[in-house]
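Both complexes shown next keep chain A, but they swap its partner, so chain B is in the first and chain C is in the second.
Presenting the complex of A and B:
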């Protein structure tokens, strides 16, 4: 156990490959979180639930006989509407309040969403079979399911589309303007209410894509949303808001860390390792900043 | 005014003392309510008075729970064998063993979380705002996951708590004993916090909430006070956890001990429902919440968490000032506040 890393180097290569492909997914979710955090100053605890919800949409398609890979198209469309509705019902009332209000309100939404998914799909761990086969590398020592490669590619492509959209389109420009200064944007004729709703919708759509990828590559369970929220929070605080390359790199780093922790510590400590890492990172940064008499705020 | 207050205290005290006899069927429910009151009141030390919205007090709750039971077991038996045996009662505490173990366990269940709060406090309380909230959220969940991987305390399956010794008192005495201990805990917590809020300590906590930088600039060692405040909370929450373990009779890492989605959220919700930053708010909030919850848990079984989620959203979004805050706005005279007539007019004009 202690020297697994030396005894089976190929296992570690395997873990790293898995981790990178997983990390791309995390990065996409984290980018959504950074988007709404930057634009609306809201931390969405229900982020993970949006992901799982998107996954269940793909799973539902799988149950009805459609190939779950099409979920990457259907799921973001539905999730955009879900996010838009969520904004109109709850979030628009907490946008200008302090952050804790939004944290708690979205926490409530996350509990609600967990339960509703539990009613709809049951408390079993499910997976949507994609039958994509596997790729063997290094004399069959390292196996990578094609579904993971597919999901990684989907995430990269959707991130690129999003970046181009944010740069070129009118809405993208409005979103960036609102993020810089909501009041000034309002004065200059940007309908910030609409921008907020669209931002929340885009975030939910990104979660939908990531969720559909998770449905075909990993497993779904109604209660596993919170780790995704914490992972994306962690990635955002490491990478900063709106810095896509940094988000991608720290996402992959987190993925690799997690897979290694899984192999070296054992699967039962995987989630514990993620949450502990967040605490350690925050405390480390707090001590680093306190030398300059500053603090994380 | 004074007279009225004394009457209120006396009334509550008498209710607490005879409650076990007038509602014998609801003894455990009432003990549960007292534990919830303690959780809400101690959460309010951070969330309400100090302005540090923590999700992490559940950490001390769980640690207290495990410490109390493990001590009670490990003083007389091997802990590993106990958890191996599971529910089978091959080990039985004699009467003196049970009470010795119980006493030591409950005391340790306060002291150990307090020490832990002191040790981690310096690192964690340096974070502010939402970083603090998320960090403590992660702390509680990480603790639950780690406890679920430790074999000696039963890992994911949990452990049983020592049962009341046979032949001591009647069938009712176990629940009566726990009832009075929980009630005593509420009384002690209430008195301690009431006293603490009336001293410089309370003023400093409020100063930290209002403007921490300014408080620091005035020469207050804010970190020291923050840590002490957290240690006070941890002490009472730990004991509450220890008692809760006995009330439940069974400890499970993520659903009962480090139950972020239930107790961890309840304590925040109760304090906000009652009114953050008031002495009575958490008490009122916990009572109202408990009544509501029991109603829902009984009549809408299966939908209780849906109701909880909706409740959180509704309270946070539409009712953030809480019951006491609402009363305070409505009847400021009752709270000993006088409002200048000119001020009020100016306020109305502003609106």
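Presenting the complex of A and C:
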């Protein structure tokens, strides 16, 4: 089969742009996941549900006549409180337990959140309209919805703000200290309980921002959170914990890879391609690590 | 002593259980009521359409009971439905079907919402030889399994968009067309796809894009870029409500120009309400439309049905509600022709159904699907600022209430 993408080179630009913009969004969600995974050693299965919840906040603003783009401000504030509450109610009881317990707990939260959202918001697929228009490049050959560009920019800016905050602020320092060694941090006077709650809140707020972006770029439905959880989990596995540039690069890389896979292998294989890549990366890593161990021996 | 108590409790519960199952095994016809059973999605991801289905059933029950009920053996009976919430979960639906049949003693079933759940229930009703009239499972595989007790009042999935291809060919002066299609990878959408593949073969048309969208996919940008590059005559999309909403959003945002866009689930997705002017000119497959001129003595015609439904439930009936109401009309007709409550006789009467309802003509083929009613296509048409959009039937020509706008004006002119 002769590949369409090579016959129309503009498609390469289109695919790469689409991939990058999709990837940035996933990277932001993944960053939240990496943050709380690193600090609290909890894999949050309910990550996607937090995203969708954030999206619904933007959607309801849209319904009540406020432009949904303001969701990127309102949604993280509300979601921070949701995250904080979730920590106080459930997560603080599993934070010192082994990984399996916390996975079960967050899995439970995810099911509960799905059902509650379904109950509260209904089972219809919904969208919020931003009416941002479209950017057309190269004589209309490449079209990028402005809503996607907006979302990409929002994600980049929030990631930068977060990095600066983590470096400069007192809470940021406390979070980083706790991530390095919770016990030592505690001995030195860090209120780790508060740090954990804040970390979980920040993660939820990041999900809220991403959710608001998804409301204006894609679609919302109470049961569509799982793909976001899986994708961010994958990005974190590839990038490692506590490494924002790596998260951003692996997010965008996977996005571009996925779009290209769509053209080269066919739409039905794009997800399979991404997961195969994940397997290859993990096997390669293991191989590299085992070589390292050989040296040490 | 302890053992004795346990033995006592066990025997008591055993006796109670026997009594319960004994008394309820006569529940199929209680006094003047014919009891129907249905597992339906009142919660979970299909709950909106589940509620439409239930409303459709209830409206028909109320109407039939009010207009004299069901006449069997010279006596008039009323319909009553036992509902259970299947939580949009196929396993749960199958369990509930068992429960309806074995515990509640239901001998006649109404279908659940969606092909997936119908597929879960059909083996159960088949096992107990319980006739089921369903109105919301269109997947072709339901009708190829040789089920004897399953009857569907709706057209099977493969017929959903065939008529769009015929229309495109007709508009192309009878010459073959280039087809681009994107279908979600689920049973229903893939059945719709098979219908298109058949139609393409029949009209010697060429399929130039055949994308199968992953279920979790929220993004069709790649497919639409391909469409932009290869310029097909018709783009066909099916991926439930999410697919319809995603497609229209991205087609308008990416300014993809196609002469014809055909899809499914437009009214379930409230497409024109959510996307306004961006959804204009989209062609949508529908089992029913209120402007069709079918008639029956219970609901009159489509317009009257829509009015009555709106008065009772406060919204315009989607086709999911209309077909559900039709299922009860079919049951009533079959009971009266069978003139008996024997499930075998009712089943045979159902198989011999040949009637017109406000929803359309109903006649079942060997596999149980309704073959005497065509699918209709409507086109979304909006006023200038997109604040009010309407669905107008444009095909098949016999039922058309408006002229098809073809080709769709390019985005630069919209």
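Keep this in mind: the second predicted complex is superposed on the first by the 252 of 297 C-alpha atoms of A that agree within 3 Å, B and C clash if a C-alpha of one lies under 4 Å from a C-alpha of the other, contacts with A are read in each partner's own complex, and residues count from 1 in each chain.
Quick note on the criterion: contacts are C-beta pairs under 8 Å (C-beta built on N, C-alpha and C of every residue); 3 or more make two chains touch, one makes a residue touch a chain.
Given the structure is predicted, the values throughout are model-derived calculations rather than measurements.
In the superposition on chain A, A:222 makes contact with chain C only, not with chain B. In the superposition on chain A, contact of A:147 is made with chain C only, not with chain B. After overlaying the two complexes on the shared chain, residue contacts for A:129 are found with chain C alone; chain B is out of touch. Shared-chain residue A:115: touches chain B and chain C both.
With both structures placed on the common chain, the touch criterion links A:171 to neither chain B nor chain C.
In the superposition on chain A, A:99 makes contact with chain B only, not with chain C.
In the superposition on chain A, A:271 makes contact with both chain B and chain C. When the shared chain is aligned, chain C comes close enough to touch A:18, but chain B does not. On chain A, the surface patch touched by chain B in one complex and by chain C in the other comprises residues 115, 226, 266, 268, 271.
Contact residues on chain A toward chain C in their complex (touch as defined above): 4, 7-8, 10-11, 14-15, 18, 22, 115, 118-119, 122-127, 129, 134, 136, 140, 143, 145, 147, 214, 218-219, 221-224, 226-227, 259, 262-263, 266-268, 270-271. Note for the complex: chain A touches chain B at residues 43, 90, 93-94, 97, 99-101, 103-105, 107-116, 226, 230, 233, 237, 266, 268-269, 271-272, 275-276, 278-279, 282-283, 286-287, 290, 295-297. If you check the complex, the residues on chain C that touch chain A are 43-49, 88, 182, 185, 211-214, 216-219, 221-223, 225-226, 228-230, 240-242, 245-246, 249-250, 253-255, 269-270, 274-276. Within the complex formed with chain A, the residues of chain B that make contact are 53, 123-124, 126-131, 133-135, 137-139, 141-142, 145-146, 148-149, 155-156, 261, 265, 268, 272, 303, 305-306, 308-313, 316-318, 320.
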